[in-house]
Structure formats: C-alpha cells, structure tokens
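Please see the structure below; I have some questions.
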Amino acid sequence: MGVDIGLRVTSYAIVDVRGNVIAHNQFPTLDHPNINDYATFLSERLIEMMEANGGYDTIRSVGVGVHSGNFVKGSIENSSTLPWKGEVPLATMLRDRLGMAVAVGNNAHVRALGEHTFGKAHGMSDFIVLTLGPGMGSCIFSNGQPHLGNEGFAGEIGHVCINPTGRLCGCGQRGCLEAYCAEEGVVLTATKLLDKTDKPSKLRQYDILNEKHIIDCCKEGDTIAQETIYRTGVMLGIGLANYASVVNPEAIIFTGILSDAGQYLLDPAREAFEDNVFHNMRGKVKFLTSTFNDNRMQNVLGASVLAWQVQEYSLFK
Amino acid sequence: MGVDIGLRVTSYAIVDVRGNVIAHNQFPTLDHPNINDYATFLSERLIEMMEANGGYDTIRSVGVGVHSGNFVKGSIENSSTLPWKGEVPLATMLRDRLGMAVAVGNNAHVRALGEHTFGKAHGMSDFIVLTLGPGMGSCIFSNGQPHLGNEGFAGEIGHVCINPTGRLCGCGQRGCLEAYCAEEGVVLTATKLLDKTDKPSKLRQYDILNEKHIIDCCKEGDTIAQETIYRTGVMLGIGLANYASVVNPEAIIFTGILSDAGQYLLDPAREAFEDNVFHNMRGKVKFLTSTFNDNRMQNVLGASVLAWQVQEYSLFK
Amino acid sequence: MGVDIGLRVTSYAIVDVRGNVIAHNQFPTLDHPNINDYATFLSERLIEMMEANGGYDTIRSVGVGVHSGNFVKGSIENSSTLPWKGEVPLATMLRDRLGMAVAVGNNAHVRALGEHTFGKAHGMSDFIVLTLGPGMGSCIFSNGQPHLGNEGFAGEIGHVCINPTGRLCGCGQRGCLEAYCAEEGVVLTATKLLDKTDKPSKLRQYDILNEKHIIDCCKEGDTIAQETIYRTGVMLGIGLANYASVVNPEAIIFTGILSDAGQYLLDPAREAFEDNVFHNMRGKVKFLTSTFNDNRMQNVLGASVLAWQVQEYSLFK
Amino acid sequence: MGVDIGLRVTSYAIVDVRGNVIAHNQFPTLDHPNINDYATFLSERLIEMMEANGGYDTIRSVGVGVHSGNFVKGSIENSSTLPWKGEVPLATMLRDRLGMAVAVGNNAHVRALGEHTFGKAHGMSDFIVLTLGPGMGSCIFSNGQPHLGNEGFAGEIGHVCINPTGRLCGCGQRGCLEAYCAEEGVVLTATKLLDKTDKPSKLRQYDILNEKHIIDCCKEGDTIAQETIYRTGVMLGIGLANYASVVNPEAIIFTGILSDAGQYLLDPAREAFEDNVFHNMRGKVKFLTSTFNDNRMQNVLGASVLAWQVQEYSLFK
C-alpha cells in the first residue's frame, strides 16, 4: 500500500506490482493534530481498506511519503510544515499498530521512485527528479539506486544558494533557489513585476495570488505572468547547472505544480542551464516533465514502490 | 598496476592488493607529445617493470588516473591541459599494446577510490572527496559506489557558480569556485591583497608566486598569506554548503596541495559551510584531510584500485 | 519490446513499463533456418509493430529471451535445440538491423526477471525461479540482482546429479535432475510405470505421451499419472534441497508446464525437500507457483524487463 | 578489529585498512561456558588491546567470525559445536559492552571476505570460497557481493547430498558431502582403506588418526594416505560440479586444513569436476588455493573486513 501524507490531505491506496490502483481514499491530515491519534486513525483506515480488498494477508507492507520523511531512520524529522514537531518515529508507530512492515520516505524520494518504476526515468541509472511545489526537493539516482545521503537528508536543492546577495529565504539565508522557484518565491516575483508597472495583467484580478493563477495566465498569454515564469526558469536553470556539473545526470525530470508551466518554464531554464553548466555536458542533459498529472496519486504510487523496499515484517520480530 | 599521468610527470607502480608499492618509477609526460608514441613508450615501461618484478603473468590489469579521464568510455576527453586533444581512447590504445585490461579514470575518481580503499573514507558509504590543486575535482560516493554520472563527467565542482557577478573564470563564466579556490585563483587573491596595501609580507619576495609559497608563509605567520587562505576557505565553505545540501555526505575529505594549509583553510571553510548549509545538516558533516601526503603516490595507489574494477582481458576478446 | 524465441514460435510484443501488453504477434521460428534471414525477418516485424503503435522513437530497446541465451555476451551459445549452431551474436545482429539497443538472455533469466518485476517474487532479494518444461533452468537472485555467473551460464540445475548410478541423461552423465524432471524424463517415468503393471490408466490411450497428458490425467485422478508426478516431485525435492542448502532462498517459484501439476507435484517435492535440506532451513523456504499462466506471454513480459537492463543505443556508438 | 571465535581458541587483532595486523592475542574459548561471562571477558580483552594500541577512539567497529554466525541477525544460531546453545544475540551483547558497532558472520562468510579483500579473489565478482576443515562451509560471491541468503544461512555445502545411498552423516542424512570431505569423513576413508588391506602404511603408527597426519603422510609418499586424499578429491569434485553448474563461478578457492594437500586433492577433484559439470563450463572454472597459510589469522583478517560492513555505532542509537 502507498500513503501520501500531504499538508492538507492524507491519501492512501492499494497498488499492485504493476502500479494499478485497486482502491484509494483520503482524509484531512489536520483532523489529527496529535501524532498518536493520527497514527491510530490512519492504521484503522488502512486495515479497513485491506479487509475490503482481498484481505490483510494479501498486503506485504506499507510505504509512506511525507514532508521531511527520513527513510534511513523511518521518521519525520523536524518538519517545518506538519503539525507534529521534532523527530516522529512514524514507521515504528505504524508498524506496531498494523503488524506489518512500514517504510517512510520524503516526497522527493518517493516521487523519484515513482518516476523510476513507472515513469520517465524507467531504465535510467543516473538522473535527478526535481519537485517544484510549495517547497522544492530533489532526488539523485546513482548507479540505479536513490542516493539518500548519510543521514537521509539528501536533496535539499531548495536551499542551494545561487546569489549570496539575493532575496532573503525563509531559512534565514540569502539567495536560496527556493526563494525564487518555490511557490511563494514565484508569487513574489509576480507581485514585484506587477508593482513596477501599470501594464494591465490578468494577475491583478486575484486578491491572493497563487502559483496556479500565474501558470494559467501565462498559458493564456499574459505577459507579466510569462515574464514571471521566464525569470523563474532562468533562476532554476542556473541552480540546476551547478547541480548537474557535479552530478552529470542523464536527465532532469520536473514534477510538481510549477512543472505544469511546461515550455514557458523549461525553455528559459534550458537556456540558462546551457550557459552555466560545465562545457562537456552542454546539450547532453535531457529536460523532461513527469508523465503523472496528478501529484497526489504520483506520491501514493511512489509510496507504494517504497513499500517494497522495506524488509518483510517477520524480519523485525 | 597503477599509472598517474600528471601534467609534468607520469608515475607508475606495481601495487599489491594491500596497497604495498612493490616497484615504482616515472618519466616526463611531455617527452611524448604524440599520443601514439606516448602510449607505446608507457606500455614498454610497464612491461619492463612487470618483467623485473614477478613477471607479466602476475599482473591482472592496469589502472590509469589522468586529467579529464572518462571511466565510462575509457578515454581522455577534451583535456584543457594535456598535449593530446579531442577524445583519446587511451584504454583501448594501452590494452592493445599490453594485451591486458586497462581502466582509465579522472584524478578525482582515482583519488576517491584510494581514500575509500586505503584512506579516511574506508567503511563509508556516502562521502565526497575534494581535490584542490591546479584545478578542482570532486567525487561523490553513493551507496558505497562512486557516482560517475551518465557520461562519466560527474564531479566538476570547480565550475559550480557561487557568485554570478564574481571573478571571471578561464571557462568563460563568472564566479566559478575554481576562480577562487584552484591554484591560480588563490594566487590572484594574494596578489590583489598585496596590491591593496603596503604592509610587509614574505610573499613579496617571490617573483612568481605559487600556492606552495602562500601555504608556507601562512604557516609561518604571514598575515597576508593567512588572509588569502582565510578568504579561500570562506569561498570553499560556501561552495561545499551548496553541494552538501543536495548530497548529505558523511564526510568531505580534502586532498591536493591546498589541503596542506590544514586548519588555516578548514576553519573558515567550516564556518562558512555551517552558515550556508541546510539546517538539518549543520554540525553533521565531517571535514577530514587525506592521510596521503604524497599526491603523486596517492594517484598511483588510487589508479591501482581502479585497475581491479575493469573486467579481465579474456572478456574483451 | 520483448521477444521470446521459442523452439516452435517466436512471440514479440510492445510492453509498457507497467507490464501492459500494447501489441503482440508471433511467427514460426523454424521458417528461417538461416540466422541472418531470421534476424532480418524478426527486425522487420519488430519495426512494423513499432510503427503501428506509437512509432519507432517511442521504443527504448529490445529484450530477447532464448534457449542458451547469454546476457553477458549477448549471444546464443551452443543451443542444443535451436537450428542455429555455435555462438550466435544475436544482440549485435539485431542492434545493427534495428538501430536500437538489444539485450539477450536465457529463458530462466528472463522468467526470473518477470517474476521479480511483475510476479510472485516482487520485493524479494534472495530467491530461485525454477522453470520446468522441455528442459530445466533456474535463476538465483542474490541481493536483489540476478546471479548470472562469470560466463553467463549460471542456472543449469537440470544437470545437477542427484544419483551417480541413476538414469542416463542426454548430456552423457547419469542421474541428472533433468533425466527425471524435464518433459522427457517425466514421460519416461510414466512409461516405465505403465510397463510394470497391467493396471488400467487413461495414459494408455495416447500413442505419443507428453507431459500435458500426464498432468491432465493426474488431475483427473489417474493413479499411474499421479504416481508419475509424485515420483517426479520427490526427485525435484531432493535436487532442490541440495540447491537450497547452499543458497538459502526466501522462496522457490515454480514455472513452466510441469508446475501446472500444482500440489500433486509440490506436496511430494516439499516433503522430500524438508527431509534433505540443511536443518536450519527446514520449514523456512516458500514453494510458490508463478502467477503467469501463459508461458509464452510470461517470457515476452520477462524479455521486456530485460530490455531495460541494457544501456541505451547512443552509448554503443 | 577482527575476532575469530574458534572451538578451542578465540583470537583477536587490531587490523588496519590494508590488512596489517597491529596487535593480536588469544585465549581459550572454553574457559567461559556461560555466554554472558564470555562476552564480558572478550569485551574487556578488546578494550585492553585498543587502549594499548592508539586508543579506543581509533577503532571504528568490531567484526566477529564464528561457527553458525548469522550476519543478518547478528547472532550465533544453533551451533552444534560451541557450548552456547540456541540463538545467541552476540552482536548486541558485544555492542552493549563495547559501545561500538559489532558485526557477526560465520566462518565461510568471513573467509570469503578475506579472500576478496586481501587474497586470491581480489577483483573477482562471481566466485566460491570453500572451507575444508572439521566441517565444511562455502560462500558464493555474486555481482561482487557475498550471497548470504534470506535467513543468513547460505553456504551449507557440507550437507549437499551426492549419493542418496551413501555414507551416513552426523546430520542424519546419507551421502552428505561432509561425510566424505570434512575431517571425520577423511579419517573414516583412511581407516576403511587401512582395514581392507595389510599393506604397510605410515598411517598405522597413529593411535588417533587426524587429517593432518593423512596430509603429511600423503606428501611423504604413503600410498594409502594418497588413496585417501584421491578419493576425497573425487567426491569433492562431484559435489562442486553440481554447485558450479548452478552458480557458474570464475574460480573456486580452497581454504582450510585439507587444502594443504594441494595437488593431491585438487587434481582428482578437478578431474571429477570436469567429468560432471555442465559441458559449457568445462575447463573454465579456476581451482585456486588460498594464499593465507594460517587459518586462524585468515579468520581474524576476514573478520576485520566484516567490521567495516556494519554501520557506525552512532546510527544504532
């Protein structure tokens, strides 16, 4: 089974080895601010679904994708967005309630597994999956395996600095990639552009602007929205060039809301990338967008792949 | 056997599985500006050494570390410093002359193998080896294996941009890490500091200043030399923070001439690193200097490790 | 794409990453006794199918499962049953005709990949897939990877000797497992039993008895057919006990025609296995039958998995 | 550090990454029939040695080779020869006493690691290390990694049956390889040969004959000793042929007391092997004897290699 613990919604599904979703459902994450209650509630929902779809015994294990999830430790570590603070040993909590092996990973890891098993990265050994949403995350695959890092924290591309005198990021540093390319940053870029000029723009109609508005207006030809996406793409290309010079991936696969901007984002990103990447790699790294168009189902699917990567329960006893 | 093709000197040695050097020798690389002549001369020297030390049949294979070496292709690719231009299929050239399997890798790869097998990285799965010399190179180990990248070019940390409006690099970009932390960059930093002031400095005695002068003067207490190393360390720390945020290594191991500066370099690097790295990694990444104190022998030793990673000759037939 | 070169029929299909068959077709293998003609004909059929289903550019590579296929060399090696003799460099022959990467493996390897990716072995690290058909083949997975052996010939379980004074095998030895458990051996066991007694048996109605007749009669309650399967199971159990003592698999997965006999075969095999296996493994090795019930489609599916394990064509150039 | 827990003697040593023994010592294993006492005594000796040789902080971890050791579980499991019965969680017991990571493996595993890192198997991916001593053990390397099996019990080659009506083995079965090729079996073969004839033989001088006597007399030309070794070699060759048909190793490396018989053993083993192995492997599998001539130090060295394969202590906390 795969579980995606999002900030608003927890989705869960039974997925077979071929990626077919047998059953799925969801509930609001924030209904359970106490992690013990949450773990109990989630476990009950999972067992309900198992029993209704072939039975408990037909399920091998459960994979969970969650913000700040750490596969090495099986925990949520200091999530800045979820209500549960500190280090939450979620894999153990669920394993004890379910009597079944549980794996926990972060969103970037889970998505990369989904792309490798069922998506654009199938058959690739060395690639990067980049998630562009409310935050940013990345996962490198090396020699066909995900690179998780020594502590399980690899992939914090959002806090790579691309301009030491640049925009202030929520993390306290200046010039983080996330300050330009995650949702808040993109909205800030648009707001600044709107403030600088009197030009009409569809973006002006929104009281609270979000990334989706900008992408939609961009596709509808709004020039300020297009300029926003263009500038975001340039920053992204510079950040990725640094990354790629060190990693030399076969492809970078873009996923998350912002990747819906498609060529409006990827063309300037590509151009800035080629200008900044180490010369031997120029023209050799593919830029691909994910085949999955439902981010939540992508996470659930990736989480179901993660489920297979934990040893069976009998080996924990 | 291990071979290190340096810009000035080619060193070669017979090394046993425990890293003991049975025999070693060297000759000037530039004596053979034609690559065919060079390959023939080198092969003759290698066979001579084999015959004098147990015989041709006791050697399994040959590993070669060289600037711009590409393990995936077995070639030297567009080296900017060696006399042989374009793509040189060195592994095949030597294999045909020697009748023995040959592996070719770049300096960063070869050094990382040496550190993993015989040095500070023994037993580590996820780490970075950083070479600081005339150029810069890095190699990530992921899950206990070197990450070579899709085309074999991974590790070009020297051309990671840390300041888009910064110093011009030889590659044509601005603000590359190499422009500050490779030999020429360090000398430039010292020269600029010397020009800005009348303060006496031992560095003023050298007509042509090099990195070694600066390191020596730094250790002897010269304040301008120390300021040079300090500034270099800060830039290095910023660059490594970006790298580590994405990779989450257990340790970064410093090798190459500049690492002789020891704590003069590592203390400011560490401080800038901690200021810039993603918060969950703060205080968790070890900074280590290599145990090897002879760079040339380190390369030869690492190249001998590489030799074992190629299949035996019989499988090429 | 996946291709299964059977003794009678060559099947081929376009399979997506989830194991869905997009298109499939077949032709008689023996229509092309000359291997060059065969390779050309097969390539034309494959390209036809690609063009009719999304186009040549949507296919990454081709995997081929074939008797005596050697993945390490990409060839068919000394097949005793196919018309093409000696070492046939099939991967190269097809690659040159298709302009696309091609992987070749033997049936046991291909089936094991299919079971690991889409079948009962999903999520297992250490298991054996055993094919019981006209011949016998086995493939060990170790640490999640297929064990192919140094020359690519691993898995010849059919020629494991279980009784040095036993039945003569086609290979010239006595007491090979294949002499009892492959199709001819099973038929011979039945014939001997029929000759020893006058008891009526449905098996007597067939002029030329084959394995399928025996399995069908066994299920219909024929005692001689049941005794045949029983004895076959005992021999199989003894052979597998030897194998498992050395390999310690999580499961043995049975596939091929004979596995259709189900519990008639597995019960005596299990009993003989437990009597003969090293005591610490008793009761710990699962005996499973494959979920695939069409051997030919299983091979094609497994071959499509193999296709992803070869590097893309660009890296051969 | 490496520890070898033998039936009579426990040896332990500090070994550096290159296999140099910095310090070593030993004590009688049976002095401590209670496992808690034993673990405490051993831990005290290890810490003493650490403190006398560079200090506790210079040691990363401890590897232990022991009969019936299970790396997956870190325990001794149902050893038939050691005084400690059932499942002994030795890794945890030592880790708690030492405050340091501890890995436990069986003799076959530990020796194979030693051969791979420091011996004849260096650079090989797929090979078998066979231990011939009081018992028999084997370890397959697959794709460069030891194959440990699902429960950690792989390698029980001694209980592979080569003749279902053969000699009774201590395990209760007939015809186990161990009944012919482990120490007791070899002595039994010699005794039977001595009983069948009046021919003079140096072997008759020993009241209690052991394997070493037979090997020594064999080398001195005693015909009955030679016949004993010859027959042992034949049985070994048959058993290995079965094994190799399934595994296809590059080499089989012989270690343990019996391997001292050298060509007296290997020549008939080779001949019987070639007669019985699957035809495509004939002449392709190397038979090698270990370079280590002190079995105890070989185990300690191998155990020190094992020490590096466990995660550092900090990750257990």
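So that you can tell them apart, the chains are marked A, B, C and D in the order they are listed, and the count of residues begins at 1 in each.
Basically, contacts are C-beta pairs under 8 Å (C-beta built on N, C-alpha and C of every residue); 3 or more make two chains touch, one makes a residue touch a chain.
This structure is a prediction, so every number in the text was calculated from the model and none was measured.
S.K.: Give me the step distance from chain B to chain C, shortest route via touching chains only.
M.R.: Shortest path length, in steps: 2.
S.K.: Just to be sure I understand the contacts, which chains border both chain D and chain A?
M.R.: B, C
S.K.: Compare the contact pairs of C-D with each of A-B, B-D or A-C and report the one sharing over half of them by residue number.
M.R.: A-B
S.K.: Between chain A and chain B, what distance separates the C-alpha centroids? Give it in angstrom.
M.R.: Averaging C-alpha atoms per chain gives centres 35 Å apart.
S.K.: Averaged over CA atoms, how far is the centre of chain A from the centre of chain C? Could you give it in whole Å?
M.R.: Distance between chain centres: 41 Å.
S.K.: Specify, in ascending order, the residues of chain D that touch 2 or more different other chains.
M.R.: Correct list: empty.
S.K.: Answer with line, ring, star, complete or other to describe the graph linking chains that touch.
M.R.: Drawn as a graph, the chains make one closed cycle, so a ring.
S.K.: Between which chains is there touch?
M.R.: Per the contact definition above, the touching pairs are A-B, A-C, B-D, C-D.
S.K.: Could you pull out which chain A residues touch chain B in their complex?
M.R.: 77-78, 124-127, 138, 140, 142-143, 145, 147-157, 159-164, 171, 173, 238, 241-243, 245-250, 275-281, 284
S.K.: In their shared complex, at which residues does chain A touch chain C?
M.R.: It is residues 17-20, 60-61, 117-119, 122-123, 308-309, 312 of chain A that touch chain C.
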